[in-house]
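One chain, chain A, links the two complexes that follow: it is found with chain B in the first and with chain C in the second.
Showing the complex of A and B:
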């Protein structure tokens, strides 16, 4: 009996292996891995999506006869449709393999689409699909078609989408004037009533067509490089404007996303005399009610090194250092206040002050939730305080510039 | 020589007939006895019967031995010569007196016994003893200490190489093997029990244990299972292993075998029972736990930190050799999202030209490797290198260049192969070899889901196994935190205060307290340097 049962069990177990027919099996040669998705709007108001596919043979190159060189590492296919899923379906008419989104690391949305229709309807399919990762970076094509950003080749990174993603990552880290925001963060910001998303812009300098050919890689300087270019500000899911430079940096600062940046300040009446490199900072944003109105205070504590002096400064003197610290603090405070002022005009709370207020005063928030962006935020009282600390002055105390000056005298 | 032929002629009519039932004991007629021996052995020429006349009464006697099983020099110089030079003390010495005199005065050897039963006599003759028959007496001598003949001498182990520790390995001779362990554990508590198994081979099988440590239930169980064996032959300890293991359908070994006396000694000291089988250098150990197959003798000789590291390494190796190709198949056919982008592109690029799905590719490579391994194993050493060249070139190089398999697959198979060679126990390595194909099948059908199902089933199976009453996964399976000092980690010797209570429940104390070494307190500083300084000054 038990022998028979074991035998039957064995048969059933092996049946489950052989009859399932390798369910959902996908050979690597049957899929086309999508590196980036760029979404434009065509004249008919349809989506025009350009998929950048990896061309593995030309990326890995290596063993099979050199590879690379001859043909580009990516292939771009464009399809149209009223919805993203329709685009996906139409794409199959053009490409021999099944598009596979798990390795997609970039979504590009055109400025025009973001302005007219908003980004919210575009992202839904990506958020829902099981293959698409929510950690995919999102950027806006600034002044060019979204397609141009995925068709232009890059020099150091073989895959252009990789180039955009890594540029974004490194510039956020080093300069802090662009925000590397992923799909999940964008959707969270869209959903939250107390925050609006800010998304980095990228553009192609020069003729976008010139960068699509493999020959463009033969030159030491790319004819049409892809560069980070400002940040798009959204309101109700629609693009309302761009901010860049110190305005953008201030936003990252308030969001506590800034990792390091360089602040140039004046000294003894001379402009751009001293560079201060922020190596770590911590921002605390708190909210309360003051005189019956919401009030936000931003406190920044930063630490850094002296990176460069262009005039002789006696850095051995602690008092001098204290003065430098104060000066830098003042400058940063001014920058942030300016940025907040500019943003208030757009009535888009990209700083997320609403969220902070929500957390601090949940009851008050209920009252102001509906009118936060249009009525409260533009007149919000924000106190900024900055605490600066110079940790090191680099390898030198006083610059050799001081000695040169002394010698002359 | 003539009596031989006579005897032969007399015995001849019976020769082709079924052999007569053996009479119980010998008769006092020498010729009858000798002819019976000849008849019993069918006149085999290696049964040597030397007839001689001894004593002043010139009594007829015969020395019988099996050529090759005895030490010829010992036999000639001491036994036969002494017998021939024997002079009776008195002229009218009776035969029984003579028998006693010979026993008391003549034979200068140990292991001499008087026997009357044919079965005992023949048995000892076949293990190399010499029989002495004297006409007119109904008793015969067996001289056991003439055992000898050619055998392999003690040499280095071939399957269990160690970097540190004893380099000697067991031989094919059971008494040598037993003595090797006796030389290590010098206590009267080391008990040996012998039995003969195999109706035709009458193979000597001995069990050995430390009487004051072993769990006697296990000893009883071992004896019970050994006695149950009714088979014509035992040619190697593998016969015994397969006849006494708990779960014959399991792919995992439930009995440990080793050819190193120090391993046997170490395990006896933990309360295990060793089973020696004549004719093989591989000695069995019961009961075993799974983790034991990941232990090597070196672990205990090296310092505990590196031993612990290698333990973890071996567990890791076990999993690589078990599911290495399966993970590759699952990841490339079901879970491409789990491979880092750059890596998946490399793999995809290499697979572009490969005409088979990943599972077929993996099966081809694994089978090719198994074929190579089998070929290399059986070939004479001189041709062995040819196989590796042809195999390496054809499988490694040409198959990749031809685009039949992809280089990542070659890497996976190679890593798996190395990992399976790195498993310390060959017994586990071969069971993993079989299971690997099952896991590859599961991975091809269900992906990681299948691998996990397989691993769960394997774990359940391992936990259900018993080896002579001891849970196979102990002390991990029924988790006993205190006894994990010699499992995944190897605790230092000064912290190994107890034996595993699974095997030696009645006597677990291993060492005294406070065994951790430390420098003396307070530390004294040698004043050598200051003295030197003084000399320099002067």
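Showing the complex of A and C:
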């Protein structure tokens, strides 16, 4: 071998030692994947964070029909600290592996913490860290400790955090009364002067302790199920109240996030006479200046089917359908107006009207930006118009109720 | 000078990859807020003018690189001093870009690896490529350009289907004062578009020199459009506030993709694209810096300079800033005003004036001898 070749060989040999990716290598057995993070506040005013770790062996093993003696699919460890990074450090005293956050898809914050200190300081570390994803969902523990939401086991889903995520996703889709909001959206809303965040709440019904044991999974009905429960409204990063039901649905409606929902309305003096299922909808929110004051118009266009009638109605008649369309439109308009009225009292612009106004009237916005939430929003003029279309009535035209002798027609 | 030839197509590919290299990860024109994408388009127009300027100057001295024609225009002493400063400028930019990409990798993917090691690995690759010459680089460019294009198109389609693009984030248009928009345009003229200056060191290798003008204009135009569209997408996905807080907005944009429960966490798209872009940007800077040094000091075998000067670039990249924010601040505040402006605008203008005057003299002499 010539000198040059020896040299080249030496270089290559040393490269293969130093560059083969062993720097800060992490073996799968050295890391513990965090499924969810729950943050409470303890009496000393420190963060008390509970991490839900995947227990990989038990997630896979369960499929082979393991017995009752199995350990749960997740393990929860709790550590305290003045900052989230401190918690991370203190966690190492309790767990044999290094917490690994790339698969974290849920952050739970306790109601108390959100009320007293606000959520903004808590989320900073998650926004900054490169392991975290901006698509991580955020929820608030309503009436229970945040820890309870990650310690409670779920029946259909192996991993409890997965259960919360999917419940959120499916209820936003089917009912539209809870918002599935991720870290990025929360932070954007916190920062924007023309919008406040609204975050879904979750709670544990029954005794939270009962749901932490593997035995609880043996029952067909969980002793302490996790359920979506209202939405937290924030102002200046602090929780100021909860909204639920149609009030929350109206917010999603105005935000154009509603995918489908069911509207029950009266017919011929009969309450709750028919259900209308929204299949698709589109909301346009626009803003302008009217008489020197900001003015918002909300226009909703929705299409859907009749899903159920509890009284005999002649659904074959287009005129009847037209009347129903109008009734539904009126009802939705009322719901939304009520929701806006309630929200105005809290002076928290969760609808994002400020942002719309900013986009439409940038010059006027500069003047009102600072006082938007406290002075302008509570007296904002909002016009709501709803356009409803009934496209189909399902597999039947008239209900069998019309044929029954004791039909009320 | 090495003996090499590159085709107009290869030049085009190199130019586009070079222009997009670092500007696609580091946001440009943010002074204009949600109009940043418009500012980039304006900057592109400025970039086209600058390119024409460099081309015009070069056309007086075909086959020569700036470090060679500077002494011809400004006289041997002054010309060589400026040529030397010019080479230093190129080295500084090479080190800056190396730092950009090294930091990006440390922040995003390798938090525990020292920056020096990452930059060293970059430099090993760059030095190897520079030794292989411009032809090898150009051919690599042709292959990798396709890869980048496929990645870009795929990401775009995924973003559209993911529904993350919300064009309302681009409104209100023209919110800031026109002067702010102009300022943002001015900023984006020098970085990235003015950096096309380095290609004046590569023209002599072109097989068809005449085509350089058209190819260059196209390259600036296309990369400007890509950059503007990317910025518009970043803005509409992230919104201005999040974008301005992100070190690497494109990364955050790609991270929002969550399609069909399994197409998610596509950070690798960003990584591949950035590594390819970074490779060309750093390599071209180092290459032209070394060519400049070789022609200035009349070193016959320019490859002899590759190792020592590569090493200097490596150490320079570590030494130019104490931390990442300092590095970025220098790049956005100091460099455009005190380095880009003189080297990209003022000197070429002076060179053009000088070249025109010299040529007139020459013509007069020719006429007189006739």
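The rule is short, and it goes like this: the second predicted complex is superposed on the first by the 379 of 409 C-alpha atoms of A that agree within 3 Å, B and C clash if a C-alpha of one lies under 4 Å from a C-alpha of the other, contacts with A are read in each partner's own complex, and residues count from 1 in each chain.
Here is the rule we go by: a contact is a pair of C-beta atoms (placed from the backbone, for glycine too) under 8 Å apart; a residue touches a chain by one contact, two chains touch by 3 or more.
This is a predicted model, so every value here is computed, not measured.
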Partner chain in contact with A:240 - chain B first, chain C second, else both or neither: neither
Which of chain B and chain C A:57 touches, first, second, both or neither: first
Of chain B and chain C, the chain that contacts the larger number of chain A residues: B
Touched partner set for A:125, first chain B, second chain C, both or neither: neither
First, second, both or neither for A:227, with chain B first and chain C second: neither
Partner chain in contact with A:311 - chain B first, chain C second, else both or neither: neither
Touching partner for A:33 - first (chain B), second (chain C), both, neither: first
Contacts of A:24 with chain B and chain C, given as first, second, both or neither: both
Touching partner for A:210 - first (chain B), second (chain C), both, neither: neither
Common interface residues of chain A - those touching chain B in one complex and chain C in the other: 23-24, 102, 133
Complex contacts: residues of chain C adjacent to chain A: 107-113, 117, 121, 124, 168, 171-172, 175, 238-239, 241-242, 252, 255-256, 258, 264-265
Of chain A, residues touching chain C in the complex: 15, 19, 23-24, 102, 130, 133-135, 184, 187-188, 191-192, 358-362
Contact set on chain B toward chain A in their complex: 332-334, 336-337, 341, 344-354, 357-358, 407, 441-442, 444-447, 450
Residues on chain A engaged by chain B in the complex (per definition of touch): 17-18, 20, 22-29, 31, 33, 54, 56-57, 59-64, 67, 100, 102-103, 105, 131, 133
